[in-house]
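Provided herewith is a single structure, encoded as structure tokens, for subsequent inquiry.
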Amino acid sequence: MMTEIEHPLSKYLRKAMMPHIWCSGCGNGIILNCVVQAVDELQMDLDKLVVVSGIGCIGRAAGYINTNSFHTTHGRPIALATGVKLANPNLEVVVISGDGDLFAIGGNHFIHAARRNIGIKVICANNFNYGMTGGQQGPTTPLEALTTTTPYGNIEHPFNLVHLAAASGATYVARWTTLHVRRLTQSIKRLLQKEGFGFIEVVSPCPEIFGRRNKMKTGLEMMEWFRRSSVVENFSDPSKAEITPERIVVGEFVNIDKISYERLLHEKIAHINEEKTWR
Amino acid sequence: MSNTVKRKAILTGAHFMNGDFACAEGAIVAGCRFFAGYPITPATEIAERLAERMPEVGGIYIQMEDEIASIAAVIGASYAGLKAMTATSGPGFSLMQENIGLAVMTETPCVIVDVMRGGPSTGQPTLPGQQDVMQAKWGSHGDYEIIALSPSSVQEMFDLTVEAFNMSEIYRVPTILLADEVVGHMWEKVVIPSPENLKIVNRKRPNVSPEKYLPFMPDDNLVPPMACFGEGFAFHATGLTHDEHGYPQTQNSEVQERLVRRLCDKIRKSVDKIVKVEEVMLEDADVVVIAYGIVARAALSAVRKARAEGIKAGLLRPITLWPFPEKHVEKVARRAKKIVVAEMNCGQIVREVQRAAKETPVMFLPKLGEDPHTPMEIFEGIRRNNP
Amino acid sequence: MPERIWRKPLDSEKAKLPKAEIHIIRDQCKGCGYCIQYCPQKVLEESNDINARGVHPPRVVDESKCVLCSFCTSVCPDFAIFVIEKKECKENVKHG
Amino acid sequence: MVEGEKQKLEFSEEVRIGVYVCHCGLNIAGSVNCEEVAKFASTLPHVVLAKDYRYTCSDQGQAMIKSDIKEHKLNRVVVASCSPRLHEPTFRKVCEEAGLNKYLFEMANIREQCSWVHLYDREAATEKAKDLVKMAVAKAALLQPLEEIEVPILRKALVIGGGVAGIQAALDLADTGYEVYLVEREPSIGGMMARIDKTFPTMDCSICILAPKMSDVGHHPNIELLTNSEVIDVKGYIGNFHVKILKKPRYVTKDCSACGECAKVCPVTAPNEFDAGLAIRHAIYTPFAQAVPATYIIDTRLCLNKEGIIVCDKCIRACERQAINFDMTPETVEIDVGTIIVATGADVFDPSTLPNYGYGKYPNVITSLEFERLINAGGPSGGHLIRPSDKQIPKRVAFVQCVGSRSNRNERQYCSNVCCMNTIKDSLLIKEHWPETEIYVFYVDIRAYGKGFEDLYRRAREEGVKFIRGLPAEIIEDKKTRNLWLIGENTLQKELYKINVDMVILSVGLEPRKDSEIIQRLLTISRTQYGFFLEAHPKLRPVDAATGGIFFAGCAEAPKDIKDSVTQASAAAARAGILMAKGKIAVEAITPITFPEKCKACGLCTKVCPYNALTLRKELKRVEVIEAACGGCGTCAAECPFEALTQKHFTDEQILAQIDAVTEHEAHKKIVAFCCNWCAYAGADFAGVSRMQYPPDVRIIRTMCSGRVSPKFIERAFARGAAAVLVAGCHPGDCHYINANYQTQKRVERFWKRMEQLGLNKERLQLLWASAAEGERIASKIREMHEMIRKISLDEIERTKKAFGGG
């Protein structure tokens, strides 16, 4: 075992916080890995990067990345990030959070931030349930799935997150699984370079909490599900991209150019501050 | 003709405006450059005024999707280096409570204006109340200290807004301006002083290198110097119990003890520096009226009338409601025979008064709905309790 | 082109690839097995030893088969494995 | 005849038939008494004039017919000569020029199907010839003038195969101004020629002369190049083909600048097919430096990235222009073209199937193709001829000829045409670089027939290349030195040789593409017995396929060298150009005619039509014919139970009349055969051309497709006492009318059942599948049936007659 050499990405992590709290086979670590890889490839200035997260397993991600980070209350990372981004538009503000945090308790903030097209970048770890609280049903739990609060099978229809994001006006919408690490990393790079509100859903294994109740005892079994069912269909219709056991459509769904809220706002401020004289 | 001449940040001079506008001007004078809010009576005019004024001073105004988002954005903006504020009333104030707790835990300088109306629930949006006093202190879960100021004039809406910002910057604590509908909507003369006559305080910045910087390591006044995002001090903030590094310590009771105690002590140990009261004719007063906000103005004329009738009455007006001016009440209680408390609720600050007044009997004049107490009502209270 | 191809190409050695040096941070591994499962060259396998977290970290079966695609590095949720190019000079380094 | 008479009354004018019996020099007259046949013809009903003539197809012969038509008011013409597949167009033209509708002409095939196959039985041949003429006359009496409809010809061409032949054809057509789609299966065009070092006899650098043409293709505004693509479906007919092409993804976009950085970092390698496996390539690669398009390609079987999961992204990172896209998917391109040129080339023989030569076992035994890559400066050894075993330059080299050619061992009796000269060229190349090298060439015959070939051969001999007649029986390897012993007989000196060399080069032959049958099926064209594509006529239509609008170029048709391939390509382009220049073509008037009054709108015909050219109009109680779509197989006519439709020019009456003519005398000695125009009838012609001999019992009635053969024809034949009936068509899957011959099979099988039920010997009805190349198959079938009918008793014949309501 050679440990005298450091992991190439360790400089992006807060050593004091490592190892992370996530279970064996949890996809959050892979998402974190891809995010820092993307940051590394873009040679981003860590002082200009702010990572905001909410409550839930992935919420800890903010603390793990060695940059400006804020771990907010449940459901509010987007709202808080909005304040950060407007207060200092030069900061690259990334929200990393879970499906429950962003789309149940925080759903309203998501759609409004997308509508405003505020320049924050949202990366959602979709693990189909509330992991940290022990596996309750959530806004992305598949129909008939078993969770601690749907012991007889889930009867709620899950959100199709990419459809929701696209419909709300996001300028960049993509979905990958934690097995698509290369594409995810490149996708995150594109996301970070985009103006306006961007969103990536990462379908992520939660073997310990969700998987074992749904015939996928290990992370490998969940990853194999992703391998079997995922099809890359770039720019296909997000409304047809519901996640089913048979089919997980991944790819870039939206990548458009739209002027961001903060740019409009600061242009307006500049505009009304120049003396107007009338002929 | 050029009609849109840009206004300065500080409109030095005398103005005739309402309380909400004065509050907005106070914010701008104090250096607030970020406002996030959501329309609600009777605080809406603050948002309206700032929507117009912020751009003029290069500040940000944004209307969020709700009050939860508003306070969250305020915290974010403050961490990004701007003085930030939101304004609301009872229902919105309730929604903000969780994140006020976050602001306390992350020691975020920010100002929350609550222009109180009649509650509970939707209550009486257009009528005054003083029913959020206790919520201001205890509204969020967990143990903490906070600062709340109570203006009783349009001038004070201006002055105390500036003061609120100064306090929150000094102590890194969310500071609440507990106004009421009358003060908010009332039109009066306001004098905005010239810059040199204004005291503006800014948060203390770290004087160590980023490597040495511990974001939650307090100075001797128990308040940690504050770096902002994007300044090179990559640091972590969290609502979880955290150590001086800002790193979560969810299993460590010793850290919890240290953190929560400090959050309380940084206010408690500075009470004398924080607390402000107005004392009128207290030297020889047998009957001391204690009132705040708009009620204090009726109380003052009641005291004057009583003196004219030969009753030794006096007025103690807490300008700082939280931390509560306990020492001042004790002091007057020692020589006064009776204390009369008038507030627009079923008894909130009166409990604090009773606690501080010890044996001195405290008589309570509650008032609910429509208008504040009239001077006669309070005068009656004084007369009846004159020994 | 359908001719039968059976010879070792004459210039095979021309395609010499950089040698890989696989590093496994034993006690950081949580034993998910992703690196083992998804290595295209099947360079890794589960080891018998038990690390600080009570799991079997992977071990290198045949480092020479590694083509440095570094998928293991990217798919590891625990930052417990990475691959670097072997400096031909320091052949003496020992690894697991 | 009775039938015929009735029919005749329906046409107003009197039928006046002129019969011409051709001697064809001695080709016919050699074994048929033409005067007698002519005399006989003059006795037949409606025949107003019968002549025999030496060369009827000559100008004089044609002039004679024309003047007769005028002079004798002939309104039907019968020529008894060669196969209608050869000269029917000639004589039809004659009739037209004489103002006679060309459909009033009929032909009796007394050469391919009579004189040539009965060379030694003049009497029987003459009798048969009479019968054939009688049949023709009987049919002629019932012929009707017909108008042809014209179909437009799209001015676009498809060229399948991007070797030198395909390239030439595409360029010629494109330069003429036609839009061309060039489809190549490999990642680059260039084919075999791109892999060869030098060309004979001029010794110029192969790729140097090819590369410019390749890039011309790449840049030509009129050429759409589809590489890495395959034709997967072809529908339609001459002038109007609808083609589906599967364009397989390259995973590299057009943005590729071919800088090669990607290949440098690609961690996986494999032998490069282009270099015959002697050099490596990466999973992302370009087959060779001059490839067109230059765009790289990813071999997904090799690449580590599977199922949309990118495991290795080295190439993506290396590509500055971000031209790599793993999300490309196969797309199906649909095009419409008027003509198709098949230039699919040939494969090389795999010598490892000849264990005695040790290829695949002995490293220093290589093929001539491997030699080309070794001697090529751009090849794996940088142009150094080295032995694979030790990379040493050999001092003694042997070439072995005819490996996979001219051999009965592996059904490749044919000569591959190029190997002799290629070896001579190769030997000179060796001498040029390493003059000291001892070179032996073991051959059967050296064929240096072409321009400049003999000079090259002489030069080789002068340079000291030793030519030894007699292939080695075996090659043995010396385990230590890896040298090779060649052991065999020098058939000139009649002595054994045992020669030791450092390296052996097997001069491998060419063979048809392993997957030729796919193209064959898609285009419904035929192949020779060896599997190369069959031209419409070996002499007069050497680049046309039997199927209209389709042409051949290069080795797909037969092994040939570069020069011949290019020549043929230009010829094919010219032939296709002729069609497209016209822009329209008349379709033979052999489409169905319907008799609505008889139609019950049962829809059976619409079900069997391979072209969906019939639409059922239930409300009108009739079917409608889309003539342009009709292929003219006539299977609808065979299917209709109500005689509500028949095929023009092959009407029930006409065919029945032919049957009646055959069966008028000595029916019990005769075999009535129905042969489809494209395979069986052509096969019978081929038997004649090859002078295959078979008994004269058979009388062949030509239909366009065996699917035309209605059960009532067979009935009629038996009812009139025929000894046997043969129905012959294309092999299943090769049907010229897509699948009409499946109907043939159904009908014959049904008829067999009937015969069984009637207690008849069903052997008397035979079904044969034979390609145009399988003359022998047809000949032997006839021999077999000849034996069979001799055993049939007269009363069995009688029973059969009764069973089918005959007199």
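Think of it as A, B, C and D in the order they're written, each chain with its own count starting at 1.
In the analysis below, contacts are C-beta pairs under 8 Å (C-beta built on N, C-alpha and C of every residue); 3 or more make two chains touch, one makes a residue touch a chain.
Computed from a prediction, not measured in an experiment: that's the story for all the values here.
Between A-B and A-D, more contacting C-beta pairs join the chains of A-B. One simple way to say how far apart two chains are is to compare their mean CA positions; for chain A and chain B this gives 37 Å. Separating the CA-averaged centres of chain A and chain D is a span of 62 Å. Computed from the mean C-alpha positions, the centre of chain C lies at a distance of 55 Å from the centre of chain D. Centre-to-centre, using mean CA coordinates, chain B is 98 Å away from chain D. Chain contacts: chain C has residues 38, 71 touching two or more partner chains.
Chain contacts: chain D has residues 309, 311, 313 touching two or more partner chains.
Among all residues of chain A, those that touch two or more other chains are 179, 182.
The complete set of chain-chain contacts reads A-B, A-C, A-D, C-D. On the side of chain C, the complex with chain A involves touching residues 21, 23-26, 28, 30-34, 37-38, 53, 55, 71, 73-79, 82, 84, 93-96. Here chain A touches chain B in the complex through residues 14, 16-17, 46-48, 50, 52, 60, 62-63, 66-73, 76, 79-88, 90-91, 108-109, 112, 265, 268-269, 272-273, 275-278, going by the rule given at the top. Note for the complex: chain D touches chain C at residues 186, 267-269, 271-280, 282, 304, 309, 311-314, 347-348, 350, 352, 360, 363, 367, 369, 380-381, 386, 388, 391, 513-514. Those residues of chain D whose C-beta lies close enough to touch chain A in the complex are 307-311, 313, 316, 326-327. On the chain B side of its complex with chain A, the touching residues are 1-2, 4-6, 33-34, 36, 55-56, 58, 60, 62, 64-66, 68-70, 72-82, 84, 98-99, 101-102, 106, 229-232, 234-240, 245, 247-248.
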